[in-house]
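In this document, chain identifiers A, B, C and D correspond to the written order of the chains, with residue numbering beginning at 1 in each.
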Amino acid sequence: MTQLTNQTDGHADGIAADISRQLPQGITPEDLVDFYRRMVTIRTIDERIWMMNRQGKVPIAASGQGHEAAQLGSLLAAEKDGNCFFFPYYRDLSIKMGVGLTPTQVMLSFMGKEGDPYSNARQFPLQGADLEHNVIQTSNVVAAQLTQAVGYALACKMQGDDKVIFVYFGDGASSQGETHEAMNFAGVHKLPVIFICENNAYAISVPQRMQMAIGDVANRAEGYGFPGLIVDGLDLLASYEACREAINHARREGPVMLEMKLERLMPHTTDDDDSRYRPKEEIEAVRGRDPVAAFSNFMLEQGYLTEEQQEEIRAQARRAVNEATDAAEAALPPDASNLHNHVYAP
Amino acid sequence: MAVKSVIEAVREAMWEEMHRDEQVFVMGEDVGWRGGVFLATQGFIEEFGPERVIDTPLAEASIMGIALGASFRGMRPIPEVEFADFLWPAVNQLIGEAARVCYGSDGNLNAPVTIRIPYGGGIRGGLFHSQNVEAYFFHTPGLKVVAPATPYDAKGLLKSAIRDNNPVVFLEHKKTYRLVRGDVPEEDYVLPIGKAEVKRPGQNITVVSYGLMVHYCLEAAELLAAEGVAQVEVVDLRTLKPLDTETVLESVKKTGKLLIVHEDNITGGVGSEIAALAADQAFDYLDAPIGRVCGPDVPTMPFAQTLEDAYMPNTQKIAQALRNLAAY
Amino acid sequence: MAVKSVIEAVREAMWEEMHRDEQVFVMGEDVGWRGGVFLATQGFIEEFGPERVIDTPLAEASIMGIALGASFRGMRPIPEVEFADFLWPAVNQLIGEAARVCYGSDGNLNAPVTIRIPYGGGIRGGLFHSQNVEAYFFHTPGLKVVAPATPYDAKGLLKSAIRDNNPVVFLEHKKTYRLVRGDVPEEDYVLPIGKAEVKRPGQNITVVSYGLMVHYCLEAAELLAAEGVAQVEVVDLRTLKPLDTETVLESVKKTGKLLIVHEDNITGGVGSEIAALAADQAFDYLDAPIGRVCGPDVPTMPFAQTLEDAYMPNTQKIAQALRNLAAY
Amino acid sequence: MTQLTNQTDGHADGIAADISRQLPQGITPEDLVDFYRRMVTIRTIDERIWMMNRQGKVPIAASGQGHEAAQLGSLLAAEKDGNCFFFPYYRDLSIKMGVGLTPTQVMLSFMGKEGDPYSNARQFPLQGADLEHNVIQTSNVVAAQLTQAVGYALACKMQGDDKVIFVYFGDGASSQGETHEAMNFAGVHKLPVIFICENNAYAISVPQRMQMAIGDVANRAEGYGFPGLIVDGLDLLASYEACREAINHARREGPVMLEMKLERLMPHTTDDDDSRYRPKEEIEAVRGRDPVAAFSNFMLEQGYLTEEQQEEIRAQARRAVNEATDAAEAALPPDASNLHNHVYAP
């Protein structure tokens, strides 16, 4: 794996989504349809959740819109590999749902109801652990997952398990001291960790130029003795390919950093108002860089799905999300008596 | 006097201090164009410019450390930690360093930093947006800790904190930000750090509290008065460190009964020190066991409404404890 | 039984647990060829190899975070923080994360990490090598906190901590390392976390303590017995969290008088909780104000011998407080 | 200022002390004699302190032996500049004393006596603040000084003072999260901070290869958007020249990192036994790389001092240190009543 050398300086205009191409090795049209289906369901539920926040039914949500292709691309690579583990962050709905949660489970979680698979509604939506699907996200403290992921990789290595660990974080998280410490340790011990920086160029309101004096987070990897690459995070297949290579590298030689350049299509969370700090034209411009629209077009243009088929998939997604919403609305929050459970493990 | 909210009082205090003293500046995540996640610095970057309203990288250790270093040069930084739950990376610089600067240099150097920390629950913040953190600072010599309950106190105490030559941990209860409103004078005023206030006088029971809980205590006191059960004296600590032991002990000696109320979990909380003080220095005056109504010993407040409600001390729980004390 | 020092007991506990269970490993600064700055892991890298005895980079946040992550996979890491004073960068992972893993995942996940922290003063460590940090963890639900005073307790409790499925903060008082020696059985044994021990029975006064101070309390108790002033019961908490309230309250109910002794600074220390508990749950049994002999509220222990001596609670100060209580 | 590109991989053999050359611009023979005098006094007191530890009179000391040339080189550049401020760490005796403390003040501090100018014996030797000489070192917590130095630089900039801030740290300290955060902030705000990494290839017992996966800490500077250079830290004039350039750069463009490659000639502190972890041959080899001996030779060879003059300087240093030792031994520790002073500033 070679190291990225040519820096891109700007952000929103540095990437041209090159979606017309051959299928990467190992990928079948069925895979594409499968992931298209997941992507559409995830986008549908993401939009619904935002709406439900406006209705007062979901207290808080961080939308993953704009991040779907990067996350699903990595998931596709991980599934093809078959022995990976995930430490996502709060914006990684596509990972958390993509691995197999049902829409109802997701809705229960966002509404703070009994049956949230991560924390049974103790935490913000989908935080805690979903071990059944190899996902841990203990908190929404920015960058706290990085050292934990490295420790998990260390443990796997000690136990003779050649798992590859994916850990996800934002451009803002790159500033935290713990991010540095995690990468440094992973470098020293050559652990099979793939550091995925989902660079949407904002940390809430703070733009990248106030976050760091460089254009590419990936350039820091060299300082830890491993390669860093820039990936078009709006393109599912580009993300897949980078991750597939990264998995191979990780297992053979150690860590890799992939900087996925992408966009945050929505405000930071449902509590945020991005018009305070983001120029109107920029907000409009990024809407044109929607990875779901891009993947839809690709699937059409390449003939993997017809418009009718796509509409049917979207309709299915809407039905599933409607059902999930009804089920979650009917569900109860955990009983107050749960308050004192699980402070300590037995 | 105009009626203001707590967040308005906080904003005005900083605004006026920045106009008064060029050495004062704010820094933190999203304090610039966003105006802070709670809008405490709304309009500041337009007024004072990006040099004095610094949007920092997402790195709390550096926010505190850089503020501290700037204070060594006579600046008076007001770093903001976005939520109390995220201050842990900053405590090396706050507890480890700032608190010991003056002592550790035998007074050669000091650290006039006011770190503002929105804290507390009851806002569906879940495990990582609800935490009470006062006990950790309360135990740390070298720090001052302020935790106001009203807009008036918030403004007067924040100004004092900014003018203080020591590191001050300024705790703003998030639920009070918009919920609690009250009179705030137009003129410049400061309130002394280290002085509690009797927010409601009474003869029969003393209840000591701070922050949001003061309001629930006042409601509970009214309930008991209406029931004819007891006249409850409500002491609002306002400053946790230095603790105004005089006001607390005086009240306890008068009433003979003490209840302490805080949202923070009970074991090792601020309330335990109040109880320990009374059990030592007002022992002969005590007519009943010292009670505490506090958060339970679970790792902060869960997200689900049911669990959050179960966690939070409230007017009913406080009133019940007061009734028990009255009946003792 | 052989006579061992505390540091030997600590070393043996880890040595045996690493032989017993492959998932146990140690990590920290200088734990490898140096054998730890206090030689707690002397000979370990030779015995267990560099995979299980990991010399980490100088970065405490990662030491704790990596240990935590490894524990998610069923390993049982024993991270070491070189001196308590340097643990601040680690508390984001310890207080912020580890303590809430089980609760925050509704029991899906747990964190069997034993973090070893040499702490305490009386060794000319100055402001940054003497600190007591127990109060911060004592206040944090989700953590267990152990602070033994003797080699026997240290070994039995460290083994229990390693086998425990929760994050355990294991506090080793540096001054006891070589100073305190005592019998340690050859056979494998464990001691229950959460059980205090009456180290000396007595009828007249209860003194509650832990760590190094237990020994000074025992000396003071002997003094008072020799003087014919009082029979003092010395309760060694051994575990601070969960606190053995039963043993403490039982003793207080028997003697009617309570003194609490710790080296940590007084305000908001562990002692305040013990006092608060007794002032609530043993109120009717108390015959005297609850006393505390603790470190003063200054930012840890200064370097100069004179100042360090002035800081430290000692046998004489404790004996004097006991005499006062006896005379009350 | 150009960025260093060629990595050196090993450590102890990467540097050839090239001490025979022209005097750098702005440096006079008098400067050299002056700094030689300081260096000899510092080394003499450093050795004495170690001896006194063995006699039980000094509780603890971290020797600066091996680090003198780097520190004094930076001090020389700072003095020539005239508007610099220092945030050293515990191994920087040459900075702390070089700026002007008397041997007696230093001895008082090491013996924990009244009159220690930094903390009046509250802290380990020479920690606290010596504002008279523009030095702050609040603690011996590794890496705690970096963000503070950056904050100090920020304050100077806000106050319109064009001071340049020197902050010193070890190779071990480079792993701390705070080091990353400090450099990142300094880069974003282009603050005039010179980050001096005194790389002696050990953090107590941990060798550099267990500390990081790279050969040169300086390579990390690029990731913060500023230059990083490697300097022969055993050579006073090389250190001077690098620092002089760095000062110019700092004032005009912002931060610089200088990685001073040097040697720790003694165990970590008086409490340490380096034979536990350092190969015997290595310990012997580094003795041959003594910067004080190198500067002595240079002064002789270049004819700035004769052997007699050097002997006289050494004798003067011994006398001064003897007197200081006697004075400090006779002094008292601060009175116990001081315990409660200065917990808070008025």
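As a working rule, a contact is a pair of C-beta atoms (placed from the backbone, for glycine too) under 8 Å apart; a residue touches a chain by one contact, two chains touch by 3 or more.
These figures come from a predicted structure and were not determined experimentally.
Of the two interfaces, A-B and A-C, the higher number of touching C-beta pairs belongs to A-C. Listed options B-D, A-B or A-C contain a single repeat of the C-D interface, assigned here to A-B, on the basis that more than half of the contact pairs agree by residue number.
Note: centroid distance chain A to chain B, computed from Cα atoms, is 37 Å. Rounded to whole angstrom units, the spacing between the C-alpha centres of chain B and chain D is 42. Taking each chain's centre as the mean of its C-alpha atoms, chain A lies 45 Å from chain D.
Multi-chain contact residues of chain C, defined as those touching 2 or more other chains: 56-57, 59, 61-62, 85, 88-89, 92, 96, 100, 103-104, 127, 141-142, 297-299. Multi-chain contact residues of chain D (touching two or more other chains): 119-120, 122-123, 127, 139, 141, 175-178, 181, 184, 188, 210-212, 343.
Of all residues in chain A, only 175-181, 184, 187-188, 190, 209-214, 219-220, 222-226 touch chain D in the complex they form. The part of chain C that touches chain D in the complex is made up of residues 29-30, 32-35, 37, 55-59, 61-62, 85-86, 88-89, 124, 126-129, 296-299, 302-307, 309-311.
Touching chain A in their complex are the following residues of chain C: 25, 51-52, 56-57, 59, 61-62, 64-75, 77, 89, 92-93, 96-97, 100-112, 141-142, 144, 165-166. Note for the complex: chain A touches chain C at residues 118-120, 122-123, 127-131, 136, 138-139, 141, 144, 146-156, 158-159, 177-178, 181-182, 184-185, 188, 341-346. Within the complex formed with chain C, the residues of chain B that make contact are 61, 85, 88-89, 91-92, 95-96, 99-100, 103-104, 127, 135-136, 138-142, 241, 243, 265, 267-273, 275-276, 278-281, 283-284, 286, 288-292, 297-300.
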